[in-house]
Amino acid sequence: MTEVTFAVNEVWLVLAAILVMFMQAGFALVEAGFTQAKHAGNIIMKNVMDFSVGGLTYWAFGFALAYGGSSLGGFLAYGEVFFFNDSSRASEWFFQVVFAATAATIISGALAGRVKFTSYLAYTPFITGLIYPIVTHWVWGSGWLADLGFVDFAGSGVVHMLGGVAALAGVLVVGPRLGKYAPDGSPRAIPGHSLTLGALGVFILWFGWYGFNAGSTLAAVGENIAHPAVTTTLAASAGAVGAMFTAWLVTGKPEVGYTINGVLAGLVGITAGTASIGFGLSIVTGLIAGALMVGSVILLERRGVDDPVGAISVHGTAGLWGLVAVALFSSDATLGPQIVGALAIIAWAFSTSYVVFKLIDRTLGMRVTQEEELIGLDVSEHGSDAYPEFVFQHEVVDLRGLVGELEEATRPGN
Amino acid sequence: MTEVTFAVNEVWLVLAAILVMFMQAGFALVEAGFTQAKHAGNIIMKNVMDFSVGGLTYWAFGFALAYGGSSLGGFLAYGEVFFFNDSSRASEWFFQVVFAATAATIISGALAGRVKFTSYLAYTPFITGLIYPIVTHWVWGSGWLADLGFVDFAGSGVVHMLGGVAALAGVLVVGPRLGKYAPDGSPRAIPGHSLTLGALGVFILWFGWYGFNAGSTLAAVGENIAHPAVTTTLAASAGAVGAMFTAWLVTGKPEVGYTINGVLAGLVGITAGTASIGFGLSIVTGLIAGALMVGSVILLERRGVDDPVGAISVHGTAGLWGLVAVALFSSDATLGPQIVGALAIIAWAFSTSYVVFKLIDRTLGMRVTQEEELIGLDVSEHGSDAYPEFVFQHEVVDLRGLVGELEEATRPGN
Amino acid sequence: MTEVTFAVNEVWLVLAAILVMFMQAGFALVEAGFTQAKHAGNIIMKNVMDFSVGGLTYWAFGFALAYGGSSLGGFLAYGEVFFFNDSSRASEWFFQVVFAATAATIISGALAGRVKFTSYLAYTPFITGLIYPIVTHWVWGSGWLADLGFVDFAGSGVVHMLGGVAALAGVLVVGPRLGKYAPDGSPRAIPGHSLTLGALGVFILWFGWYGFNAGSTLAAVGENIAHPAVTTTLAASAGAVGAMFTAWLVTGKPEVGYTINGVLAGLVGITAGTASIGFGLSIVTGLIAGALMVGSVILLERRGVDDPVGAISVHGTAGLWGLVAVALFSSDATLGPQIVGALAIIAWAFSTSYVVFKLIDRTLGMRVTQEEELIGLDVSEHGSDAYPEFVFQHEVVDLRGLVGELEEATRPGN
């Protein structure tokens, strides 16, 4: 390779990785915006730590277990890149670490509003240092799933479904938020505190996703980097449309939260086949992803799975669909290996995450006390207050009650 | 062209398009921040749909009408790219679709706070699938305006003025928001709910505009991609300064809203001549754009045109100025063709949009009911609430009234 | 250089500069989010003007004083680029102007909430047109510090420490905000109004910093552009971790504000050595930067230096550490020249800024009146209100007082 070719590929890969890194901001805003104000600072801390602790862990172990050079039977890698210090592989590491952080950060949204910060911090190194890297070795590190013919171009399964499944394991361990379910078991809405921040988060994710999908060409010279950009655009658009109309049918309104989550479902859905699915079929992929996500959210909520931001449905359900879609809609993959791979990733991500969450629960305890949950994690866990100057509805309820009583007391005739 | 040259151009065009795509987030925030909280979710929905429905329409029809290969007398294109599926033209399509979405999204701000969501949804395909693509064929698709010597490098007229003029047509059809004008006809301020979100939107637009202007070189090899970046920077800066001082003169204060809209006016103004105007004159272009925008906002408001975010002035007025500026300040264009082109675009965009809006108004109805407008479009149209936990001024007015009455009632002597 | 090589370098440098430009949005959000809502519009205006007035000044004078071609004894440059109009140097100018704007914008945070807008406006041209450009000539323009062997790859000292020191000079001239210190001199917390906006600002800065650090290679062909991206990632991560644990030790909680400022401290700390420090040592650099920043914030607050957003500690203290770290942790620099350079930049930035701030204070007055400060700079300086629809805590205090009195008055027995 000439020096210029090398440079073009580096420019592309580094800029793509920078875009993927920015998805952390998108996740933070989606998760904060879609949950209550009293937990917003905690959400931010979990997102910052996903990338910070995650990045340091990936430097120490993760990268080596995924791409270490030698392979232990196609299951995990090892070699000389523990405590990574090879400047000649810098762009490769950079592109991989931002993916690892993405897998980790999916989980924080599903666990929002009830998990101890220290316990969450204890889980993070497992996903970025162990659970996720090993799966990437299977698929992208010439491991056993790659040998089998399993195809996941940019990570519908490897990143998103894995994160969604790990999130499900976490939710099963910690249980729903206080007040999420009525005594008769019917779910109650706990609306997020800022649709504008949530929507900005979705736009940031969409923006960063071009790095995620098109950057997964890993090089620019000799590659069609624009094809994934187009399928990404069309699937995201179709995801929004699919989710909006599905939600419209179900709820009677073109609801905002479902629609913008539909963008994300469309993006997750196309990720596996972004380079191989044609433009028309990428629209079909996105439409189905959006519709499936809405169904999945409703179903999980009814089954007692409290996922405040819909992360399990957006990443898990649409991620699984993405693995299937690439077999249905392109000639790159066949259904058999896709299903084997999906089941393997689900089994691995769920079992390892469940065990780790359970172990942490038995030792540190996963969940905050009821009082801490009611006060909000910002004050109880961090001594911080995300919006100290604003007045919140619950704060004026007392005032309204008092005024009502006074009115009663001063009514003529009393 | 060698494989490396091709790759460099692709990297540049794809990344520029990604930046332009992110402008959608900027528009959403400017429009939401500059309008009332009770419509914020609706604004987001319109922006998401501008890109989603717009993108799908552009895939089906728009691109073919603009760049289909064959031309119908320089007026519209046709050919084999309906239901676009040509992977070898992916980067071209991607760069064009994000421009189409920009033209569409300009309108949503001007119509904020009073338009039915379904009716807005019905309009979107017309602008991204028909009105806008046909103008791009005239100018960028070797159509009749290109033949005439009309120059609009990155779209002061083709994108921004077109969007602004379509917005004006829409506003004339739907009329002002309730309460915008006092019984004597004098305008009242309806301040936006978040200057910080609005300002963030402006910064995001500025950021994305580098893709818009510098990316319009369409290639990197053999082009000066940095010249547009410099004129963009200087004109935006000068636009802020020009608008700030003009507003200072008029209102007595360096008002925030006018100043940050001045950035946008400067950007719109330089867009036509970004590649040909020199650095010093780009400052003059921006200064004038900022000042004109302030004058235009005040004039339109007095004339009964209620444009909540100033979109008609920012995109329409400054866009027109941009078409003139490129003739005055560069040797690339002459005034005659610029004026002919401007008039043609205005006539086309206004008449087609007016007809479509009128037709929708007669059938679906463009405007929500008075009650829905007062409640806010979020609740009435989407069943959503952008900020359910925060307390708003109108909510404490009742409380204050009650307390006042009580105070009166319990005053000694009563 | 071939045309393709030139194009690759241009693509890299222009896109890196675009990323750095976006840091302005990050600064605006960090500064607005970490301060009170009543000053948010003013913060935005200062940030927009830092870039606008700063950009125009840099066009007129700054660039020429830094890179004008001829040098006056290594102290300042001059030549033919006053009122810059050389299209062939466009990318160079663009990359430099966004750095100049960064240096300027650091100051606005430290001065938040008490400075006259016109006086701030009067200072801006000095830093972007004179104080900053002259230092860049010393270090990056083949000036006397470069000759001495002083190394500051991307600007820990040249940009950040300089901005932090100028901010310190400003704070010493204007004094603390009203109510920051109790009568006995002990500091009081004045929490910022939005942790979510502040955190988004930090993520945007992190994102833009890749352009800042990796872009400082100034070219892509023949350079390792990924090495700085990796050290930037690791140092930012370590900065967050270092600051979080330090704050945890000191305050008893993993406090949000300190942790996210730790990201910035890590970024500032690695900036000087981003291209030469190895990956493992970049983690050490970040950890120390985060811890030092927390100590510096606490120390300065106790000493009566009221810096609302911690800008002096994040940029000044961590910037100084960055200059030392590159000597300790890489073979590119030695401690002697680093200390001489640090002292020279501190002396220059402090003395020139102090004189300018004092002169403005004697003429225009730096500080608003007590009444204006209490009302908030948005209303008093700009006639704007950042959040006109939301209810703030201070607004319900009166209501609560009234209700309390009424309750007393209507109590049975009265």
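In this document, chain identifiers A, B and C correspond to the written order of the chains, with residue numbering beginning at 1 in each.
Methods note: a residue touches a chain if its C-beta (ideal position, glycine included) is under 8 Å from a C-beta of that chain, and two chains touch if they have at least 3 such contacts.
If you're wondering where the values come from, they're calculated on a predicted model, not measured in any experiment.
Undergrad: If you take the chains that touch chain B and keep only those that also touch chain C, what is left?
TA: Joint contacts, listed by label: A.
Undergrad: How would the chain A/chain C interface be labelled, same or different, where same requires over half of its residue numbers to be shared?
TA: different
Undergrad: With centres defined as the mean C-alpha position, give me the chain A-chain C separation in Å.
TA: For chain A versus chain C, the centre distance works out to 32 Å.
Undergrad: Can you list the residues of chain B that touch 2 or more other chains?
TA: As it turns out, chain B has residues touching two or more other chains at 4, 8, 11, 15, 194, 200, 390-391, 395-396, 399, 403, 406, 410.
Undergrad: Which residues of chain A touch chain B once you look at their complex with the stated criterion?
TA: Chain A residues touching chain B: 2, 4-5, 8, 11-12, 15, 19, 36-37, 191-196, 199-200, 202-204, 206-207, 210-211, 214, 220-227, 229-230, 233-234, 236-238, 240-241, 244, 251-257, 259-260, 263, 278-280, 283, 390-396, 399-400, 403, 406-407, 410.
Undergrad: Give every residue of chain A touching chain C within the complex, in rising order.
TA: On the chain A side, the touching residues are 3-4, 7-8, 10-11, 13-15, 17-18, 21-22, 24-25, 28-29, 32-33, 40-41, 44-45, 48-49, 51-56, 59, 83-85, 87, 90-91, 93-94, 97, 117, 194, 197, 200, 378, 381-391, 395-396, 399, 402-403, 406, 409-410.
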